[in-house]
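Take this structure, written in structure tokens, and hold onto it; I'll ask about it next.
Chain IDs A, B, C, D and E follow the sequence of writing; residue 1 opens each chain.
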Amino acid sequence: MNLVEAERVRMKLAENQLIDHQSLWRKTANIRIAMLYLLPSILLFSIFLFYPMIKTVYLSFFLTDAKGAAAVFVGLENYIYLLQSAKFQKSMLSTGLFVLYTVPTSVIIALFLALLSNEKLRGIGFFRTIFSSTMGMSVAASAVIWLFLFHPTVGTINSFLGMFGIPAIRWLLDPTWALISIAITTIWMNIGFSFLIILGGLQNIDQHLYESANIDGAGYFYQLRRITVPMLSPTLFFIITITFINSFQSFGQVDILTRGGPAESTNLIVYSIYQDAFINYQFGTASAQAIMLFIIVFVLTLLQFKFGERKVHYQ
Amino acid sequence: ACSTEESEASPETLDTETTDNNDDSAEEEESPVEDDATGDDKVSVEFWHGMGGGLGEALDELVDQYNASQDAVEVVSEYQGSYEELLTKFRSVGGTSEAPALVQVFEVGTKYMIDSGYITPVQEWIDKDNYDVNQLEGNILSYYTVDGSLYSMPFNSSTPALLYNKDAFEEVGLDPENPPTTFSEIMEAAEMLTTDDRYGFSILGHGWFFEQLLSTQGADYVNNDNGRSDIATEAIFNGEEGLRAFEWINEMNKAGTFGYFGSSWDDVRAAFQAEQVAMYLDSSAGTKGTVDNAPFAVGSGFVPYADEVERNGVIIGGGSIWMANGISEEEQAAAFDFMKFLQTPEVQAEWHLATGYFAINPSAYDEPIVSEVHEEYPQLRVPIEQLQATLPGTATQGALISVFPESRQLVVTALENMLQGMEPKEALDQAVEGTNRAIEIANRTSGE
Amino acid sequence: MSHIQLHQLCKTYDQSTFAVEDATVSIEKGEFFILVGPSGCGKSTILRMIAGLEGISAGELYIDNQRANHLLPSQRNLSMVFQNYALYPHLTVEENILFGLKVKKVKKLERKKRCEEAAKLLGLTNYLKRKPRELSGGQRQRVALARAVVSDAPMCLMDEPLSNLDAKLRGHMRTEIRQLQRKLGITMIYVTHDQVEAMTMGDRIMVLKDGKVQQVGTPLEIYNKPKNLFVATFIGAPPMNISKATVDRMNSQLLLKNDLIIPISNEEVRQIKSDTVYIGIRPEQISRGKGESRDVDFSVQLSNVEVLGNETLLSFYIGEDIWKAKWLGQWPLDLNRQTNISFSIEKLYLFDGDTEKTVISPAWNETVLKEVLSVESR
Amino acid sequence: MSHIQLHQLCKTYDQSTFAVEDATVSIEKGEFFILVGPSGCGKSTILRMIAGLEGISAGELYIDNQRANHLLPSQRNLSMVFQNYALYPHLTVEENILFGLKVKKVKKLERKKRCEEAAKLLGLTNYLKRKPRELSGGQRQRVALARAVVSDAPMCLMDEPLSNLDAKLRGHMRTEIRQLQRKLGITMIYVTHDQVEAMTMGDRIMVLKDGKVQQVGTPLEIYNKPKNLFVATFIGAPPMNISKATVDRMNSQLLLKNDLIIPISNEEVRQIKSDTVYIGIRPEQISRGKGESRDVDFSVQLSNVEVLGNETLLSFYIGEDIWKAKWLGQWPLDLNRQTNISFSIEKLYLFDGDTEKTVISPAWNETVLKEVLSVESR
Amino acid sequence: MRGGKIRSIVFYVLLLVSALLLFFPIIYSVLVSFMNGAEVLGRAFLPSSINVDNYVKVFGTVPLLHYLKNSFIVSCIVMIGQLIVCSLAAFVFAFIPFKGRNFIFLLFISTLMIPWEAAMIPNFLTIQSLGWMNSYLSMTVPFFALAFGTFLLRQHFKTIPHELYEASQIEGLSRFQFFYKVVIPYAKTSLVTLGIYGFLTTWNMYLWPLLVTTNDMKRTVQIGLKQLQTVEVSTEWGVVMAGVVIVILPTLLLLFIGQKQLQKGLTQGALK
């Protein structure tokens, strides 16, 4: 029945085609204009992102000479070496831990702050401004400030903890704490941006839902769990994805706070890439690492989209 | 080529033509063309350096003086970030027109620079100019001399020294005027000096110090005479001497008399000044600042050596100035002229006092201002004496490998691993292994 | 039995003007009570004060004869249907319906039973597993209603629940809501600005304007005996035709702008206190052709004719005012032609020119009418 | 003179079904042409094909007797008013009105003149400096109209322009648009799904269903002589009451579900081809009490009574179908009581049970009616 | 109503504590910037007096004013460039349908996942071969195309009623006219948001400007910050913090002023 109908439609259209033909020029009008508008973006992306990526793939199959040019083709040797190297494994582990420390914590803290400042209270604008302030902080400035706060001798955090009788923590000196310190700095820097996004999401939730729940007698936390979080899920998903990708790419804070140490405990992949490329001048292994990083982030993000998005409720 | 006469003639013409370097004259400097127009045929020499903060200030001061002292050459000093960043950038512009005439490179970049093909050894100009190198400190020159020719002009050189808290020494009954000199003496002193909130001894997490502990024992870092007779193919610092140094630290660490304050220069100094540690190894260049800031009397001593051997001495560290080869002869001449200027006793005296780096030209120490300060800060004399007491040899000449930065990183990791409980031998072996792989790759790609 | 009582209820948002002022009314158990008024008149505010979603600035609220000013919304034992339904988009229809019951920790079996009943009642049985976005407007509306139904609350508040629906669905839902309310015996307070809804659904209507109560009464009371000009024009479609007239006491007549003259009785003149009055006549009361003795008749030029199936709307100018007449049948008359119209003076409303209070309104006796009807329909 | 001609116009979005199929009609210059039909029937699609916003899949479109299939929208010399007005929110009313003229490089003086005229015509003079968001719905609507007016295009397309307005404003705008169109002599193609608009505004109406044209004719033609069941029920509010009946040819009567019997003439029986028919009667034609000789009368139980000011809507069941009756006056009858109703057989519509085509419709003669009227109104 | 009061007190306490914790590093860096070395070493919390020596010193050590100017210029150029390039691309993704559009969009989005550090070396070589070293070009042009920005704007453009587009077609506007006469003014909030975002991120860039500049003339302020820290000589924290304060002040101000807009715009982008 439906097929018959479809066939009839096709016949009619075909008949019409014979009488009516538009020029190719006209038909492609859209794509031509689109390309014109997209040209700057495509050009820039090609030159500054896609080309380097391809070049990186290429270099990852080589050993490079002192000038950074491909010198000896080694096939997969760089990759094999990396996979076997304890250093790289450690670097992966640290990166994984780091992501684990930073992503949930920043999102939860930002969510908490956003919930606080979503209340209708006097002077709430002031608090919102404060909470979003870390977005304006550069990595360099933030890291320098935290470097000072973590300082083993003059660091304020330790003296603060001392007031409560908590013994001084070797923040940047102890391998475990060093990673945590970097995570703290990163979380602090993340909060501003995440906060703004989540707050925006909160404000988009229809107030009537809460009123309705109030009439039903649902308490604050019940509402939080059953209404706010599900309604916020698209925003949360967005911010988790972005934070996740950014976390994998953290560099500046490592460079300034620990330079990968102590005992390579904070040698996150991007920093390791930087070291191999700019200090050891081995573009081959650096490139191989970059490719592996890209693949990991890509796969994880895809997985996140696949599984995370199921739990997201779009309106 | 411009000659010495010109530079001698210059001091008289100290007039308005001179541009002071940075701050306010932005517009003028943005267009070198304009400069050319006004400063008739001044040769411009670009000088890249990695001196931040106060060091940069002092350096700029010297450059200004030079520019004011003559009319023919205009040196433009440009900060390029840390040594690593500086070298990275030079690597990428080396051999092109972007390259600067002069570039400051840290000591471990020496081998790379020699092999890079981007530079002209200063020896060429020394020969051409008949410059008397003997007036300079031999122990410093030796580092930069390979196969008998001097490749770069030493500039900011330093060695480590032992700094200690005299008050604390007195407090625990040690002789404040007689610092410990051997590993075991240090260990004993450290034990006595350690209290609840003070460690006895500390070393910065930096490969340089480990190298010093090797060299005082007369041991090489890599084979082939520290890479100086032939290209190095293997690291050997995990030998008896290296292990001795590591075990020494390990023992103190286990005893709780060794405090570790990370790999940042500032942290260990702050700890010392805050009396959290009583003795530590520091760069001679940091001595003055520490003496000034510490609220107690600071003493200075030689780098300790193992009891089993004789003291060999120290390797110098810091940086030297290299001359690029892509530039015109005229520019090279101007650049060399600037180098010579830097080596004059007066300038070296000033530099030494401002920064704490050695005077490359020892006659600077005879300058009255220097003696005055040395009087006031006897601690400053100690590194000089230590340097002059150093026995020549491949060990104290320093290793020559291109992968030094990586190797140093590996040594620091090894040290930190050991402090976290790894066996000294295992830790050191790992560092050697890593260094060996790096050397191997470097040798493979350089086609040798 | 009085279920909800408002006693001089006031609300101010900005501490300088009243959004609602001195609202006093008592609503009976099982009554369908309607709040109407133009946009911004305070309907939602009153409703939200009753629900406890908005604080009460002054006055008292009693629910079941208990002072309820400070009770939490959940303690007031009521359900509410919001204008935009306030369905939880991430929950299925079933979960939406049961949300309130879960909060109240109603047993699972009981929940299931109630949900099934409500779904059946509202024809939602097939949609229970869907998400709100997969429903049409009318179905969403019904889900919102179902929520109110399962809650088993004896009182339900609705804020313009039909305003988002198209006309046809609206007509349908009107009937359904009314029937449901009767069946369950709920006390209903219903906000609307649609006067068709107001007229057809409510037991009583409260007309508001600028936060002040204008009149409370049955729909027919309000239609037939509006207390003032505002109520008269607000209820009825097309609205009552209004013109200003000066009172000529000498000749016992009213003078309109375009020299039209309406004779009135002396009795009526005495009732008028002001010098000007508004005269009002409903479009249905204007008939075609010359009228009888006590009728007023004009010859007017039609400015528009709209034929709606079996009735026709005619527009014409009386002075500067456009009047409308509504006639039965199809009258595709030519524009720009003089047409005779007339209306009975007995159907005339008169409003005070200053206070806009009703001075005279046509005779109407509900009880009489009812009797007539019941005799007839036997 | 034919202004716009559609010749077997077809549109398919998915290449497998037609959203519009074989639409053929010719619209005269200055005509007010209306497209009606339920949601999704293809009204907007036709309009958009005429405007050039949507490609034509098959068939031909002529504007001013020129083939226009491939003309760009701007080349078709028309204006369009969108359902949501499509006002530029960042421009003032004035800028909005003049936006199109600026693009067409009309001189500044000329622009100013036209804008002033249009603003005066539509009563927007005081709002020229405002932004759209500072206007009420009706005012926005008028701005959208003003844009069409200044464009000076001889043809205007409107897509449900009134659907967002409240009933009162809607009534008002209906009149205004109609008057404007007459005054400017524009050819108007107007989409709506509101049949009041369809009935009152258009010169001719095209009724669509599922992309196919059902009937084209004047409003009264369509109301009085619907071509099929769909048109009959779609036009008229409340819609025509419909029930299925079996034809008893023996006794010349129609049998309804609940054993109601409607006698018909032999003549009529002969006209009926199928075994079942749909009978239809408009709510206005059902009257109260027992009827006369050729009338059908039932006693029914009321299921709902809605009093709307001066008319009353009664609902009752005939078999399984709900029927409605519309009576003049206020009849607040009791529910659940038997009531007698009747209607004249002459007012009955009959539709074929299979094809749903109209078999019999009540007598109606437009010309006769018109004459009567003109005599009367003299 | 009583419950309401307690509730708001609880919220105020939580707000205050969080604000204090979060803002402490910034406040403290301001305080430290007024301290002298001894105070820093003594872990003082408040400076004994407001002395601006550190600031004087910062300006003496590093040509900060000049750097500020450069940063400002670079950030502004990037901001404008991003707005233009991204809005053009976003316009296509929102308004011009063609085959393969979704694929290109995905390609754009996937660039979010490329770590910039990994692409830095080849980029550096590219810049060099283009002869863009030491020019504003190298610090600006590579950042004009931005997946995040394109995405953000596209989301907002999509909220523009399609009727506006059609109306403009009927009125005879070309696409470009529609773009700059309607779309741009319509999406002002998002553009402001992206502008602020672009400005902030550019202002905060560090490694790249350092790489592509070899002299002070084109350097940006973050490099100045780095210059204040030294390797072998004791860090003067007071001076460094003064530098930090100078560096963060403009961005914080911008953030405070643009806060409302930013929030509005970011929300529109965050939701699919």
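The working rule: contacts are C-beta pairs under 8 Å (C-beta built on N, C-alpha and C of every residue); 3 or more make two chains touch, one makes a residue touch a chain.
For each chain, UniProt lists the protein as follows: A, E = Binding-protein-dependent transport systems inner membrane component; C, D = ABC transporter related protein.
Computed from a predicted structure; not experimentally measured.
*Asks:* Among all the other chains, which ones are in touch with both chain A and chain B?
*Replies:* Output, common partners of chain A and chain B: E.
*Asks:* Quick one: name the chains whose C-beta contact count is the highest of any pair.
*Replies:* Max contact pairs: A-E.
*Asks:* Counting in whole Å, what is the centre-to-centre distance of chain A and chain E, each centre being its mean C-alpha position?
*Replies:* 16
*Asks:* Mind checking the centre-to-centre distance between chain B and chain C? Centres are C-alpha means, answer in whole Å.
*Replies:* Measuring from centre to centre gives 92 Å for this pair.
*Asks:* Please tell me the distance, in whole Å, between the geometric centres of chain A and chain D computed from their C-alpha atoms.
*Replies:* 55
*Asks:* Distance-wise, how many Å sit between the C-alpha centres of chain C and chain D, to the nearest whole number?
*Replies:* Comparing mean C-alpha positions, chain D is 27 Å from chain C.
*Asks:* Can you pull out the residues of chain A that are in contact with at least two other chains?
*Replies:* Where chain A meets two or more other chains at a single residue, that happens at 68, 153-154.
*Asks:* Return the residues of chain D touching two or more other chains; collapse runs of consecutive numbers into ranges.
*Replies:* In chain D, no residue touches at least two other chains, as defined above.
*Asks:* Give me the residue numbers in chain E that touch at least two other chains, ranges are fine.
*Replies:* Residues 41, 226, 229 of chain E each touch two or more of the other chains.
*Asks:* So in the complex, the part of chain D that touches chain E is made up of which residues?
*Replies:* Residue positions touching the partner: 48, 51-53, 72-74, 76, 78-80, 82-86, 88-91, 99-100, 103-104, 151.
*Asks:* Quick check on the complex: what are the chain A residues that touch chain C?
*Replies:* 206, 208-209, 211-218, 222, 226-227, 230-231, 233, 313, 315
*Asks:* Applying the document's contact rule, which stretches of chain D touch chain A when the two form their complex?
*Replies:* Against chain A, chain D makes touches at 10, 12, 15-18, 57-59, 69-70.
*Asks:* What does chain A use to touch chain B in their complex?
*Replies:* 63-68, 71-72, 87, 151-154, 172-173, 175, 258-264, 275, 278-282
*Asks:* Along chain A, where are the residues that touch chain D in the complex?
*Replies:* It is residues 2, 5-6, 9-10, 12-13, 15-16, 20, 22, 26 of chain A that touch chain D.
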